[in-house]
Each structure stands twice: as C-alpha cells, then as structure tokens.
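Two complexes are shown next, each including subunit A; its partner changes from subunit B in the first to subunit C in the second.
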Partner chain A sequence: MTNLEKYDKAFIDAFAVSEGDLPTLKYQDIAAWDSVGHMTLMANIEDAFDIMMEVEDIMDFSSYAHGKEILKANYEVDVEA
Partner chain B sequence: MIFDLGKFAGNTALIAENETLTYEDLKIRSEEISGAAGGRCLIFLFCKNSVASVAGYVGFINRKIVPLMIDAGLDLDLVKNLLELYCPKYLWLPEDLRENYSAYEKIYERDGYNLLATNAETFALNEKLALLMTTSGSTGSPKFVRQSYENILANTKSIVEYLQIGESERSITNLPMNYVYGLSIINTHIFSGGSIVLTEKTLFQKEFWQALKNNSVTNLNGVPYTFEMLQRLRFFRMDLPALKFITQAGGKLDPETHLKFAEYSAKTGKKFFVMYGAAEATARMGYLPAEKSLEKIGCMGIAIPGGKFELTEGGELIYYGDNVSLGYAESGADLILGDERNKRLETGDLAKIDADGYYTIVGRKKNVW
Partner chain C sequence: MSYEELLTIEPFSLAQDKKNSLLLENLLSLTEFHRANCSAYEKITDAINFRAESVQGVEDLPFLPVRLFKEAELASIPKSEIFKTMTSSGTSGQRVSKIFLDKETSLNQQKTLIKIVTSLTGSARMPMIIIDSPSVLKNRQMFSARGAGILGFSIFGRKSIYALDDDMNLQVDKIAEFLAENAGKKIFLFGFTFMVWKYFYQVLREKNWKLDLSNAVMIHGGGWKKMIEQAVTPEEFRRALNEVCGLNEIFSYYGMVEQTGCIYPECEHGHLHASIFSDVIIRRVEDFSTCEIGERGVVQVVSMLPKSYPGHSLLTEDEGVLLGEDDCPCGRKGKYFQIIGRLANAELRGCSDTYAAEH
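And then the complex of A and B:
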C-alpha cells in the first residue's frame, strides 16, 4: 500500500466515507468526524505510519488536507510521495 | 422561580466568544426571550452552547414555559416526527435552521435565534411539569423524561451542596445542554451565582483550552470517553492552576482510569468526583466524595444529600429522593400526567454495597427501560 492509500484508509475506516469526499473533508463537517471520531482517526493514522502524534498536532489536525502537511512537516511521512 | 438572577446582579453569568453577560444582563435577556413566548406552553428548544440557548432556557424555566430539549443538530426527519407527536406552541432555534420550518411564523429574534410560532393545536400540561429531557443524548427517540420544578430545584441544591458550588465557581461547556449532565452544570452554576464559559469547541480544539485557561475555569466535567480523550491530550501534564475540581458521570469509569485521575488529583490538590445518575432522576443520584476517590477505586459512592439508596433482594439499586422525575412521555397526550413514581426510582442497575456503605455498580438488570 502506498502512503496515500494508507492515509485514505485511515479516514475511510474511521468515518465510513467514500474516497471522493476526502479532499475537502474537515473536522466536524460530518457527524462521524466529531471528537470521538477524531480519537479513532488519530489512532488509525498512528498505526498506519507507526508514529506517535504530539498533542499540538492532534489539536491542529483540522482537515484531510492539513493532516498531510502535519505528517510531512513533523513526522517525515510524505503522503503524496 | 428557580433561578433568582437578581440576587447576583453584578456577577458574571455567561462568557461567550464575543460577549460576556452579568446576571443583570442575563435577567433582562432571558425575560425578553421568554416574554416573547408569553405564558405557559410547550416549546422546542434547539440546544447549542450559546447565549441564546442558555438565556432562553433560563427564561422559559422561570416563566413556567416548558422546554423540550433537543440537539440543534438533530436530523430534520426526527425533529418533524417529534413535532407531530408533541405539537409545541413555539420553536426556539438557530436562525440557520429557520428555512426548514418555512410554514411557521417568526415572531421574535435575538442573538442568532428565532422564535417560531407553529399555530398548532396544543396539549394540556400538568401543573408540575417543568422540562422534557431525552433519556440518551440525541437519538431522536420520542421518549422523554418529565421533570418537575421540584425535581430541578431538589437536584440542583443537592449537587451544589456536595460539590460546594458558589459564586466563584466557573465551568465550561464541553457537554451539550440537551443532556441531563450538561444541563445540571448550567443549573448548578446559574443557581449559585457562578459563571459558565460557553463554547461549541471540543476538547480536540486549541480554542477550547485557550478559553478554559484564559477565563480561569475552575471545574471540568466529563463522561467516560472524555477521560480517554484527556489522557490522549496528556491532560496530566497541563498547567491549570485555576482548576479546582473534575467530575465524571454518564456511565461507569473503568477502574484504571479512575485510579489515574484520583492519583492526579491527590498529587495536584484538585478534587475528583466520580458520580452516578440518570435522566429519570433529573440528573444525579450518587457521588463518591473526593477524599474517598483513591481509597474506593471503581466505586460509584453514596446517595447525594437528600437522597437514599436501597438494594432489592435481587441486587437492583433503588433510589428515593425529591429529584425522581414524574415519569415518561411518549407523546403530547402524556404531558397532562402527574407523578407516576412517587419519588422512588428502580434504576435497573445491579449494585453491591461495601462495609463502609459505598455502592459499586456491577451490572444491568435485564429487560429494563
């Protein structure tokens, strides 16, 4: 699986959304991405990339797009590569 | 009148993102909103953690207008079902939901909320009835708990007593006010002259923690899941000098998490209260005194002031108190019903009691509720 596939799967598993909805997805946009869903998403992403997210990044992780930037900047995970 | 707002006129009552209301402001605002609805009737209150929602609630309760509390985000089909079943005279709702109810006439607006008149044929209300609350969050179930003025007053006074909530107490809304635990926080603080920071932000947003710190919030309240989130956010490492106590309700906390928060509290000098309740008992029935939280891990505690527990032969926990609600409603026709419980509630929970008189919930009776 590529990094992008892993990243997408983390969202799809957490929120039962389709791939097409992902690019514009934001925190609290859909009922499933509430604070409980956010916990699941963070766990999925940590498992997928074998990383431990910092508190600041967990709070900053406000959208599908911004999450990619956080992973690249702070965890050496390039989702687009 | 349950909320004597004039008594605390100069105190801060509500702190929202862009305005702060004193008790005098809240008195004027709540009377204006409830005045627009006139007198005793049923109203659907679409709840958000906002000034209009809280001021509306306080005004309606004081004017003996009965709010049926629902989440502002509740699915439209579910709301329509409730409208058909309960036939309220008015809706008090965020203006962005107005378009869903275009057949209703807007008769008043304030702070981003609209008061809509349904002109429906309404049902008679029992004189004791104060409030209708759901049993489990925002499911949209037509079943509501009928709470009386006496219920609200009795439970509020008990909670204020054991948590020692006074004018210097300040909470923050991380629970919704259509949930009995969230509402009990609003009731106890407004009853005692304390203050509440109103935010729609969640624990996973920086703005929530900024609001908590900048406003020197003194207490934090959560359901079991909140405590998982707090650990995820490394709560134990946060510097929160103003925070005096933390409460937990809404389901049994696992003993491991209970222990961690009890240890944190012992170390930092903050108080940690494990509590027990249900919508059927207005909100609260039991609590574990903070000084026992390390000693009695996994325990739910003792009955609140004015309440009493008893175990049946089968081990079911029975609660007695003035906060035991009148009963359920499943449609508007039930709103005329009086007290069906006579201050006695079969909780449906199985419990055991230890040698010191502390209760632990051990399971759930089958076929209840």
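And then the complex of A and C:
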C-alpha cells in the first residue's frame, strides 16, 4: 500500500466516507468526525505509519489536507510520495 | 488578555495578586459579553442591580447558583451555533444541567485541560485504560459529565481500552492482555473516583485478582462526594489501590461539568490548586461574604473559559475551605483549598454520584 492509500484508509475506516469526499474533509464537517471520531482517526494514522503523535499535533489536525502537512513536517511521513 | 494568550502562560505560575487583576479584567468583560448575548442573564444581573463600575475585585462580580443550569437553558450563542450539549448525568426525577457549547468554547476546554494535565503528567501520550463502560459515549451529540471527562482525557491516551463492559463488569483478562502488549510502557488510567472504587478496586479485592500497575499513573475525579459519604479518605483510597495493583502515582482533581476544562488538581500535599484559568472564592453561607483562610464556607468557582454559556461565575453546592495563597510547599502559585463535602440539603447531583444513585 502507498502512503496515500494508508492515509485514505485511516479516514475511510474511521468515518465510513468515500474517497471522493476526502480532499475537502474538515474536522466537525461530518457527524462522524467529532471529538470521539478524531481519536479513532488519530489511532488509525498512528498505526498506519507506526508513529506517535504529540498532543499539540492532535489538536492541530483540523482537516484531511492539513493532516498531510503535519505528518510531513513533524513525523517524516510524506503522504504524497 | 485573550484566551489564546492565556494558554501560553504556565498554569500554576502566577502569584495571586497578578492573577487577580487578570481574572478581574477577563471576568468583567465576560460578564458584559453574557449580558449582551444572553437575555436571561441580563435580566438576572439587572435584577441584582449589577453595575460594572462598582466592581472593585473578583469577589464583587455577580454569581449564579449552579442549580440554575438545571432550571433554565442558558446560552450566549444562537441555537444554530450549538454543536455539543453537555449534561450533568441525571437520574429519573432529577433535572440535569445543560451546558451549550460552540466550537470555540469546546476547543478552549480541551486546550485548557491539556495545559493543566500536562503540567502534572508531562506531554507524553500513554497507553490508556478508561475505568468506565463504552456505553457512556453512545450518544455523541449529548455528553454526560462522565462522557465529557473521558473524552477530554482521551487525548493523553495512545490506544485506549475500557476496563468495564456495557454491564459494568470488570474485564480483568482484557486488561491483563493490554498490559502484556504494552509491557515496559507507562500506563495511564483515568476514571471517575466512585467508578474506580466500586467497579475496579472493590472487584479486584473481592475476587482477589492481581494486576501489576506499578508503572502507571492514575487521574481520577468527579466522584469524591460519594466517597466522603462512604467515609473513604483520599489516603485510604491511595493505600487501597496500591494494595490491589501496586499503583503509586495517583492524582485526583475537583471539577464540574458546568466549568469543564478548568480542573483543580490535587498536589502531592493533598491540596487542590486553582490554575490561572479559574479560581475559587469561599463564601459564608449566612450572607455570602468572603471567608478568611481556614474558614469553612460554600465554594464559588470563577473561570475565564465559558463563552458560549454564562457559566463564568457560579456558586456551587459544595463546602470547602481556603488553605492559603501562593505558599503551598509543592511550589504552585495561587490559591489552594480543600473540599469538605456537600452542603446540607443540597440536592444530590454530579457525575459518579449519579450512577451510585441509579444502582
């Protein structure tokens, strides 16, 4: 699986959304991505890339797009690679 | 000072005189904000002839009885902006408090909690055992106090499990398995005091089950009132848990759903501490004048956090005593205090208490 596939799967598994909805998806946009769903998503992403995220980054993880930037800047995970 | 700026200050670093001017400025502007945005609050404060000019100190600000949130739906935001509602967990025949949150207040609650908790446990996230049942979070639009607490603290957990099943049975095998998977790592336990006592400690003791939690830290709170009724002191609580599972690091806290986020952690000397985000004022029951250090009275809580609802200054139904200011041997600045119990005749309310009453 590519990094992008892993990243997408983390969202799809957490929120049961379709791939097409992902690019514009933001925290609290859909009922499933609330604070409970957020922790599920974070656990999925940590598992997928075998990383441990900081509390600050979990708070900052506000959208599908911004999440990619956080992973790249702080965890050496390039989703687009 | 904006709330964003406040969040950059260490939570227990300000001496009381500095903190007082910060509190006064922010609480006064919150009072004006809520008067402008919540007509019920404006009426109440008009009825007591509130005048901003006559407020000299934090203790001069108006306060609402916490019970009012059960009797009225108070919000300072339009209905369309409400995105979560928190409730005190109510039992049949008991009204619940309803606290309306918008995104901003909800986010500030989480940020405040993070600042306070990381000052205790550090910022590393740990494998987490939630001493409660997953059913508490079934309704995701409306949280009880227990649900809100679990959610707020979950950010400190990396992979978490619930210790209890939907029928409140302790899943000791599941916990043992989780501990084995995370051997060598520090474990984080969170639960409401009474839940920990009744569904964790007492079950372990009765069944003589052993768990090794000597490398774990526990944070518990919210249900101590029931513990006082059962005559379990904080010392006894610590000793008992240490005996059944080797737990050494235990932090308790005082807090309430009406001011979620602003918790008052207990230090190693057994004192509860007010952070820079909030404060306590102890008042005499007879005339609501402020008590001296060491004098018992009813606890008022003020917090700079509540913006979506007028809950920034509340008179609780708890009895407490101010122990001192700025000079606790633990080094934390600001006020430190102790909670003695419930005021006589106050209606039984609160999170873990409620589960106790239901069962």
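Note that the second predicted complex is superposed on the first by the 81 of 81 C-alpha atoms of A that agree within 3 Å, B and C clash if a C-alpha of one lies under 4 Å from a C-alpha of the other, contacts with A are read in each partner's own complex, and residues count from 1 in each chain.
Keep in mind that, in the parts below, contacts are C-beta pairs under 8 Å (C-beta built on N, C-alpha and C of every residue); 3 or more make two chains touch, one makes a residue touch a chain.
Please read these numbers as outputs of a predicted model, since none were measured by experiment.
Using the contact criterion defined above for the overlaid structures, shared-chain residue A:Asp60 touches subunit B, although it does not reach subunit C.
Looking at the shared chain after the overlay, A:Asp21 reaches neither subunit B nor subunit C.
Of the two partner chains placed by superposition, only subunit C is touched by A:Glu46; subunit B is not. Looking at the shared chain after the overlay, A:Val36 reaches both subunit B and subunit C. In the superposition on chain A, subunit A positions 28, 31, 34-36, 39, 55, 58-59 are in contact with subunit B in one complex as well as with subunit C in the other.
The residues of subunit A lying in touch with subunit C in their complex are 28, 31, 34-36, 39, 43, 46, 52-56, 58-59. Contact residues of subunit B toward subunit A in the complex are 73, 202-206, 209, 225, 228-229, 232-234. The touching residues of subunit A, counted against subunit B in their complex, run 27-28, 31, 34-36, 38-39, 42, 55, 58-60, 62. Taken together, the subunit C residues at the contact with subunit A in this complex read 83-84, 103, 106-107, 110-111, 114, 118, 123, 125, 137, 140, 151, 154-160.
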